């Protein structure tokens, strides 16, 4: 399965992104890693270009909130993205926040899976559970 | 002025007691220091013997509570102790406790001045304020 | 300051910028309280064998929040106040910063991870800085910091962290490195010029880099080079720095070597009149999410900083893994660190001659290779050296970085180089590094080791 | 074990005591799980270069509370469980202990500062010990511990702390010292005898003494002497100990000298087959009331213990200055300490030859003087030496102690002897000690210094 991944916005925290690539590979995905400092349009462009079924966004430095408000609007501009599985993880808020409230908020923004401060592999496990359930 | 002091019960914490003696001397008292491991009777006996006006009891290891319940009864057995200023200080409870509740309790037991976890010199200052006010 | 005036004009022609009154700014710097200059405190410290200075981190979007943070810090007996800049400003995206600042002010919710200094402007910010009358250190991570530094100095901020390498390789993906050198040249000159008016402006390099398995040789080389670039432009007070690496001994050795070599290279370029200081960062890598553990780690960092003999320590908080720390958590670290420094006594003087010798040789060899680059100026030599991998920073997100060097931890958690890439680590040093590691493992388990080594403090 | 049987009978004829079934007890010890023996863990540790064992403190009046405490400790990943005895039991006042235990059980309020083991009895207590299947260490402070130790071993407690000197001079005002030696001789023999049945029972001396300005020479001498008294009786596993002194270097030097000399004197009396371990106590003196600071102090103690290379560390809690710590606070310290030990790596090997040499000479001189006492047995020599002040423990409340030695801290917070009293500190060592201190002060300011030096961690 094809996955597009990267770190959103002006965020340059690269360590988790490198590990993410390793983990996805190990799990048998075909990975298109856009790296850090990737803006929303670039993610959607890459999804369209590669025909990926999954978009996996990281955010570590607290910017996610600002960008995610624009997700639905932007996504609507593209065709054929209705079945795209959208996942986001990392530090999804500035300062401390409650995981359940954060999850609710990001689901409203258009994400199917929200992993605030969840370990990479736990997160990818829940992705696989999600995919299994959907089929 | 004459002061009897010491550490009550099976308590052998001697450091504060040594410093207490130094401080009382420096403040001009005539000090009768019974040292650590001093039982209630010994205190009252010493007060009677020396004609002290002040009894200054320390307790550090948490025993005070157990002994203090017997203070009124014991004191009643001696004559002429009505004007004795009774003060107690150190760690007046086992475990953590609220200073104001502890104070109330020990006043009920018969102490005029109660210094739970109060610095030696702060305590002696309050003794002097008490004496000044009484006269 | 006429030299800079043309570049200055271009920088300032930006819709989000204060209209600068440079005459007034000069006047302000000239008559500013000595207390605001960390260089003044360093001078006092070395005179009186004073204690290590304690500097927390911290930046909030709004003026009110930043002011409240400083109040907390002062209560906790802080020595140096921080001003941490948000990441939009760091990427010169003042438009987004402005938008997020407004959202933060209106919504009672932080939409920025630091203080957007340019948007607040120097007139406003100076009020806060002079009110507290403590030295303030600017923490940013900006490759093009020209406008930011003009604003900072005009605000009364007389210590500027960063540099063309240390604020680029860890903090940026594709900002052009050559431009960064030129922008920082501007910054150095501004600092050097203002230094003539009162106490020196202190420049500080950012030694932690990516805080992820960077070997001490790379850290030291970059510290020395940024120091030289800065002194060349006339800066008279400079701090080299590094962050806790995971092995107490490796930190002590790193501290000894960096002090010795900074002095050496400053002399080499005829700048022995500049004063050089050592700054230690509490653990900068991945933190434990357990806040009690985070506090243990922070305390241990303070002990190691003392063993290293740092002049200043930059602190973390128990909330590091969670998100931008609250002001309470930040102030707590300061108070705790000050207490620890007060009660920590009888430090032994530790020397490991072999490790020092190896590290010195590694650093010398890389420096040599940089100097041997045929380019005409130091910054161009460095530029080329980074491009061709003579300098290689593990886990740098920047496209110019080679990413060929591979490091892991040995049994004592020293960071060791197991693949040099193109970095000219001398043969016998490389053999020494490898001799501490188990190299018979397959690739998968080495990758697992690296993942584990990143998370050793968790 | 017939030798002891007569004394045994006397000890057991006490209204508060369990009726002992010694056959059953022997059977129990013989077949007890190795996990219960700390000596077994020490053996494993030295085989596998294992980590330092972590032992908290803690004792509560009721069985239920003690059980709950252990549950917390196990969750926090404890290595050795403590059983701290209340102070009435320590003074063999089982009557008061009984009364206070009943009050505690009825009133949901603690009227005892520890677990009254004799009153609970071994049958009850053993259930708890075997349930958790971790080594338990008995902390008491009792001069006449014969009954207590019989009860302890019968309960499954296979490490016994204390000794005739270390549990008397800091813990008692007028209990006869000669009796203490005889009572402890009994204890040593009981331990030696039971040691033959399974793993050795470990004896541990209490090095902290009064935890108040005790110089390392006095601490070490007393550790060595108690070790010798114990090995003489056939004990095969012994721990010497000391507590944090206030200067990291002095602690490291103390650790090195005590290890070296313990080995030496064990050999001297033909007991090199016994295994000797080093235990380090986190700061035992006056604690800061600020609980955040207390945690800094505790973490620093852990770091120093690692530098010292201790086999076991005994912990304090953030509530030390306040009162008997809650089980939560106690468990937190254990978890924090384990974390710190896990992340603390790359420890340097520190040696200060001059300080070690001076300290070694001081210890040798005092030991020499003790051995030169004309009495016939070691314990009588020691008894006489304490009486005539050859051994003098600062701030001991005991009437037999000379209290003539005066110590203060130097600039690095090393404890230094400025008045030897009758302790035979060699002339040049004494000169060395004094050379570090400012002796031109008047008495009042020296007294103020001492008060300050007691409170250095506050």
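Think of it as A, B, C and D in the order they're written, each chain with its own count starting at 1.
In the analysis below, contacts are C-beta pairs under 8 Å (C-beta built on N, C-alpha and C of every residue); 3 or more make two chains touch, one makes a residue touch a chain.
Nothing here was measured: the structure is a model prediction, and the numbers come from that model.
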If I average the CA coordinates per chain, which chain comes out farthest from chain D? A
Taking each chain's mean CA coordinate, chain A and chain B are separated, in whole Å, by 68
Euclidean distance of C-alpha centroids - chain B vs chain D, Å: 31
From the mean C-alpha coordinate of chain A to that of chain D, what's the distance rounded to whole Å? 57
Multi-chain contacts in chain D, i.e. residues touching at least two other chains, fall at none
Two-or-more-chain contact residues of chain B, please, as numbers and ranges. none
Among line, ring, star, complete and other, which one matches the pattern of chain touches? line
Going by the touch rule stated at the top, which chains touch which? A-C, B-D, C-D
For the complex, give me every residue of chain D touching chain C. 246-252, 288, 290, 292-293, 295-297, 299-300, 303, 332, 335-336, 339-340, 343-348, 350, 352, 412-414, 456-457
Listed in rising order, the residues of chain C that touch chain A in the complex are 87-88, 90-91, 93, 96, 100, 110-113, 170-174, 210, 212, 286, 289, 319, 321-324, 326, 395-397, 447, 451, 454
Give every residue of chain A touching chain C within the complex, in rising order. 10-15, 18-19, 22, 35-37, 61-63, 65-66, 91, 93-97, 117
